[in-house]
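Order of writing sets the chain letters: A, B, C and D. Residues in each chain are counted from 1.
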Amino acid sequence: MAGSSFGNLFRVTTWGESHGRGIGVVVDGCPAGLPLCEEDIQVYLDRRKPGQSKYTTMRNEADKVEILSGVFEGKTTGTPISMVVWNQDQRSKDYGDIAVSYRPGHADYTYDAKYGFRDYRGGGRSSGRETTARVAAGAIAAKILKELGVTVTAYTKSLGNVVIEESRFDIAMREENPLNMPDNKAAEQAQELLNKKMSEMDSVGGVVECFVKGMPAGVGDPVFDKLDANLGKAIFSIGAVKAVEIGDGIKVTTLSGAEDNDGFLFDEENGVGKYSNHAGGILGGISDGSDIIVRASFKATPSIAQKQKTINHSRENIEIAIKGRHDPVIVPRAVVVVETMTAITLLDSLLSSMTSRMDAIKKFFGGTQ
Amino acid sequence: MAGSSFGNLFRVTTWGESHGRGIGVVVDGCPAGLPLCEEDIQVYLDRRKPGQSKYTTMRNEADKVEILSGVFEGKTTGTPISMVVWNQDQRSKDYGDIAVSYRPGHADYTYDAKYGFRDYRGGGRSSGRETTARVAAGAIAAKILKELGVTVTAYTKSLGNVVIEESRFDIAMREENPLNMPDNKAAEQAQELLNKKMSEMDSVGGVVECFVKGMPAGVGDPVFDKLDANLGKAIFSIGAVKAVEIGDGIKVTTLSGAEDNDGFLFDEENGVGKYSNHAGGILGGISDGSDIIVRASFKATPSIAQKQKTINHSRENIEIAIKGRHDPVIVPRAVVVVETMTAITLLDSLLSSMTSRMDAIKKFFGGTQ
Amino acid sequence: MAGSSFGNLFRVTTWGESHGRGIGVVVDGCPAGLPLCEEDIQVYLDRRKPGQSKYTTMRNEADKVEILSGVFEGKTTGTPISMVVWNQDQRSKDYGDIAVSYRPGHADYTYDAKYGFRDYRGGGRSSGRETTARVAAGAIAAKILKELGVTVTAYTKSLGNVVIEESRFDIAMREENPLNMPDNKAAEQAQELLNKKMSEMDSVGGVVECFVKGMPAGVGDPVFDKLDANLGKAIFSIGAVKAVEIGDGIKVTTLSGAEDNDGFLFDEENGVGKYSNHAGGILGGISDGSDIIVRASFKATPSIAQKQKTINHSRENIEIAIKGRHDPVIVPRAVVVVETMTAITLLDSLLSSMTSRMDAIKKFFGGTQ
Amino acid sequence: MAGSSFGNLFRVTTWGESHGRGIGVVVDGCPAGLPLCEEDIQVYLDRRKPGQSKYTTMRNEADKVEILSGVFEGKTTGTPISMVVWNQDQRSKDYGDIAVSYRPGHADYTYDAKYGFRDYRGGGRSSGRETTARVAAGAIAAKILKELGVTVTAYTKSLGNVVIEESRFDIAMREENPLNMPDNKAAEQAQELLNKKMSEMDSVGGVVECFVKGMPAGVGDPVFDKLDANLGKAIFSIGAVKAVEIGDGIKVTTLSGAEDNDGFLFDEENGVGKYSNHAGGILGGISDGSDIIVRASFKATPSIAQKQKTINHSRENIEIAIKGRHDPVIVPRAVVVVETMTAITLLDSLLSSMTSRMDAIKKFFGGTQ
């Protein structure tokens, strides 16, 4: 099926493979009149660029975005915005084992099972490099949200057993360490862990958390298009994610109703609020005006240099060792992917919420007459 | 937006409110020629029916399904199957506080924020009773899957801190206790916990786990319509779910690559398999032929008899106590909902996988000439 | 595929067969707060009800609509509105030839080719009776449009060779004759034609024209979701339609650019207008503020009492004569179907146009803070 | 809304403006294993290339396609196929009147009404140049259809009052004259007409007809996704189309049922057939195995050098004359656009028809085990 599109009113379609010509995206449904230039996109792409520390692949890619359509005289026109990041590292090389065997934890086998063959170069379409396109699209969504007073912020919450400490949380620190942790002390401990795992030719997983401020209450739909359901799909669509949580997430299973319920309160200054936010800003699939909180659990990078048992295309039981330099952890680079996928999802729901009420619709069209 | 539909080729649209005329569903895209009668649906509905134990609401509903269209001479015709469960318990009554105040943990406030007002009777559209419609639709999906050799099975894995023990796991026990736990000992402990919480006018959350056997490798799509992404959306669309996990789920964050990777193996008898199944049957968004495993974390029932702080429509800070008899836990009745939503999702992906390859398409159309 | 839904933000899903339990529809995405009662729907249904003249089938159906969900205290709640018209004329009878042979001009053969078998009772799902559901849904769309200043009006423009005369056009006459023609003189001539054809056991086709007043400029989308493209789909989805025209339609092929182009003009009182309206109110897929004009060409009723050559299920070449009393022309009853399908299409585009511009979006959300 | 995508299982998303960087398309859902190279696409693009005769714009564009993704080792991989045609003619120039006034018959005014401003260079997104992307996508659809035994062929049926003569019809002649008419004599007459209109600084409209051979019976869906409804949308989405007809089209309104009905017949050699094909191969929205016939009425090119009355951005009533060399008729170049849009639509319905029946589904999955 055609599964490379996401969103309804703000719809994103990605294309491209790891070692093909490039990675691209078409953003359809972007409102007209948004000031937009390549630099707006580039700052997001730079956050997932490889080669920034010893904890990321050395692949040498500038990842410069080009806007090919949909922007005129510095503003979006309302028509599709096509963007591309050309692949520079396309040199022909020997893919050896990868071309004819199935790497554990990768999609090699499942692609072959589905399509009959696959583009094996660097994982082809299943490569994490596809997320470049999502980040480019999400940068636009984030810019629109910001104009509407909504901000989306993600960070590394844990790597292996190293978890950031609430008391040391400082979002400014996110840029100060190569792991995108808002806690430099935890980042130091995590680097020790990574160094150890790298020396063991092994890899590490972790958690990305994302919070959203400024989302008005009343966004999202009952039943299947709940805001959390759409977020769940968005985040699970990122490779290597094995769990998604909203608010207190998995912890709610051991809380009682009295513990978990967030009572509402009202005061003149802040309007309607809640005494707590176990719910993570969503009730019945609809935003309640509190911070929206979503968490993604990423597995460890499956590409490891250790020998692993697997099979090849001839159905022989073999051992392989993945060559080359791979990220020992993908979590830090996934931070901006979670952030932008969240932005895309929220913007789409926010736009569709404009049609929820007759009174607002009448006011909208009355105002244009 | 129109958010009451789910699925693409096999598409489900639900309607109805807790205390309205009834709850219904239209299933569009069901293949023609499937033997189908109301009893096929009823066995699934009976599994979520209220009033079956002291741990479920006493609401007296037979929940008998009627098929209104799409079946002729005992077989599906390929056209929409409309089903309805009429509400019997519609007596007019005094909704008191609920009508004019916002219950903590419920969607009362968010519905008002979105729509300007709401059907407050029993939670209206936000009631868990809406899942009746999903179960009816999913019963059809499950029947089709079974004809194709795919079975979907869910059960209560934990309630509060009481978790089933792997060594005692026996799926046959699921029907032997009122909590749908495949471990009677754990079920006993859980009942003690529930009794205690009920006496405290409090409630309990828990985990539903679902496993799928027989799904062929190669089903699901790369990128946004990953099988796990669609499952994530399906499960998060069930009220009260705050986390969804695939395979090892949240645990993967503390596993290394060497621990988490599932090596492939081959033997003549079983074909391609894996040494382990941390991945839960999905790699790169596509099924790998192993069991698919998905877990949902449910929060405790928000309706509790304890006094809770909240606000009313006049923005006054008040206290309310939810009257009436409510399920002290929704997990056991949610088991069949998770099972059927999983079935709907998998069937939809399975059908769309028929168009993945030119050779299979050519064979398909060649065969009909 | 799941083909029984139409629309994106305002989405309609129909179900039911001619001689099944009933015909129904789920309207999802209807804005909250619209005053709505069954009488609002019934006035539209009464316009397509059978048995109103000797030119319509004698099938005795009251076609009373019931609203099953989505309305509370007289207003739409924003959640799905389920409506049903129960079939009264379900008596078991001998369907004879129809059950085992393929009526020319009907969908009997194509349904069998697609699904392997069919509900042959009264045409099953392919019956024009399915449009009952569309009319019910479209009545809601029309009511919303009216609140926004947009009116949709259809009428019979021609039956066979009898065409209404521009100079006698009076929309009030539409209700004065049984053929829904806004020209009583033409209606008389058409009745003569119908009487003649009925005596010959034959039937007649014709044209329905629909005009829309008050649609603001700027609604519709470039490229695939052009307003005329969506209208084209909507109207072609009505059974027996073999051509759809916008504005001057087929006539444009013999006009030169100088003749066909509508120059723009401006005056203070009326704002932007056009010297002519060959385009029928749509340019580049987007409304231009002039009247939108759409026309549908209906073929003659295929059910005729004359003997016709065809085949049966055993692939024998046979002759059949369709028994029973059938409409000698479907055009007059199709008028309200064209009108309501147009309303559904326009409303959906109008709602989605709310998200076209950043400035309007910012104003919208600014206004709610 | 996001309106630049078409199709469900085989989904096409176009981007680009007339004088921007290029025109592109992403084809998602193309089955894996189809041999595909740029030359397969180029032969279709060459059929709509400008500058081929004095009846087309002199714009000098090679219109060479590049495939950017989705093809590996000469075969489609099943993942998105991104294609681009770079614009060569991007020189900055003075757009004069066009930038600040509204050309009659063009989308200038409606784009401004919708988006608040527009890319005025060569019509921007509303330019016929966008169809380059559709042709590229449709070339792939046509190739797949051909492998399944289905061929799609379009031609110019009329220009102004010059209509091809049935008795002289010879599809081979389509390539022999610059107007794509399968009747060289008519083509000569049409050229005279065009020469005359060009000398008058005027332009001409016409009709494109398309026939499809080899489509099996049983493709298409009842109700909203009727094959003719989807074709209607596809063809109306092409700029300048003001009418779409299926089979006898508009003529059916003056035929009686006895004249219009196509009786079925059967013989051992040809299987099920019909005595005539007034229906154009579709009954009840589903293919009947006969040739599918669709016709599109195009208006005359709105860009004419004559002076025309209109308004400018300041709402002043002015006169403009469109400068530059424009196609005096767009019909010949639209032939391949109609052909490829038809191919896309039919392929999408054909793929979805694979899931219509349980027996076929069971056989499909049984065969892969």
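Basically, a contact is a pair of C-beta atoms (placed from the backbone, for glycine too) under 8 Å apart; a residue touches a chain by one contact, two chains touch by 3 or more.
These figures come from a predicted structure and were not determined experimentally.
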item	value
Between A-C and B-C, the pair with more C-beta contacts	B-C
Of all other chains, the one whose Cα centre sits farthest from subunit A	C
Separation of subunit B from subunit C, taking each centre as the mean of its C-alpha atoms, in whole Å	38
Approximate Å spacing (C-alpha centroids) for the pair subunit A, subunit B	26
Chain centre separation in whole Å, for subunit C relative to subunit A (CA means)	44
Multi-partner residues of subunit D (each touching 2 or more other chains)	1, 3-5, 8-9, 14, 29, 32-33, 78-79, 114-116, 125, 216, 222, 352, 355-357, 359
Residue ranges of subunit B touching subunit D (in the complex, touch as defined)	8-9, 29, 31-34, 76, 78-79, 144, 147-149, 216, 222, 350-352, 354-365, 367-369
In the complex with subunit A, residue positions of subunit B that touch it	1, 3-6, 8, 14, 102, 104-107, 109-111, 113-116, 125-126, 130, 158, 160-161, 197, 200, 202-207, 216-226, 228-237, 239, 241-250, 252-266, 272, 275, 278-280, 282-289, 297-304, 306, 308-311, 315-317, 349, 352-353, 355-357, 359
List of subunit D residues in touch with subunit A within their complex	1-5, 7-11, 13-17, 20-22, 24, 26, 28-29, 32-33, 66, 68-70, 72-73, 75, 77-82, 84, 114-119, 121, 124-125
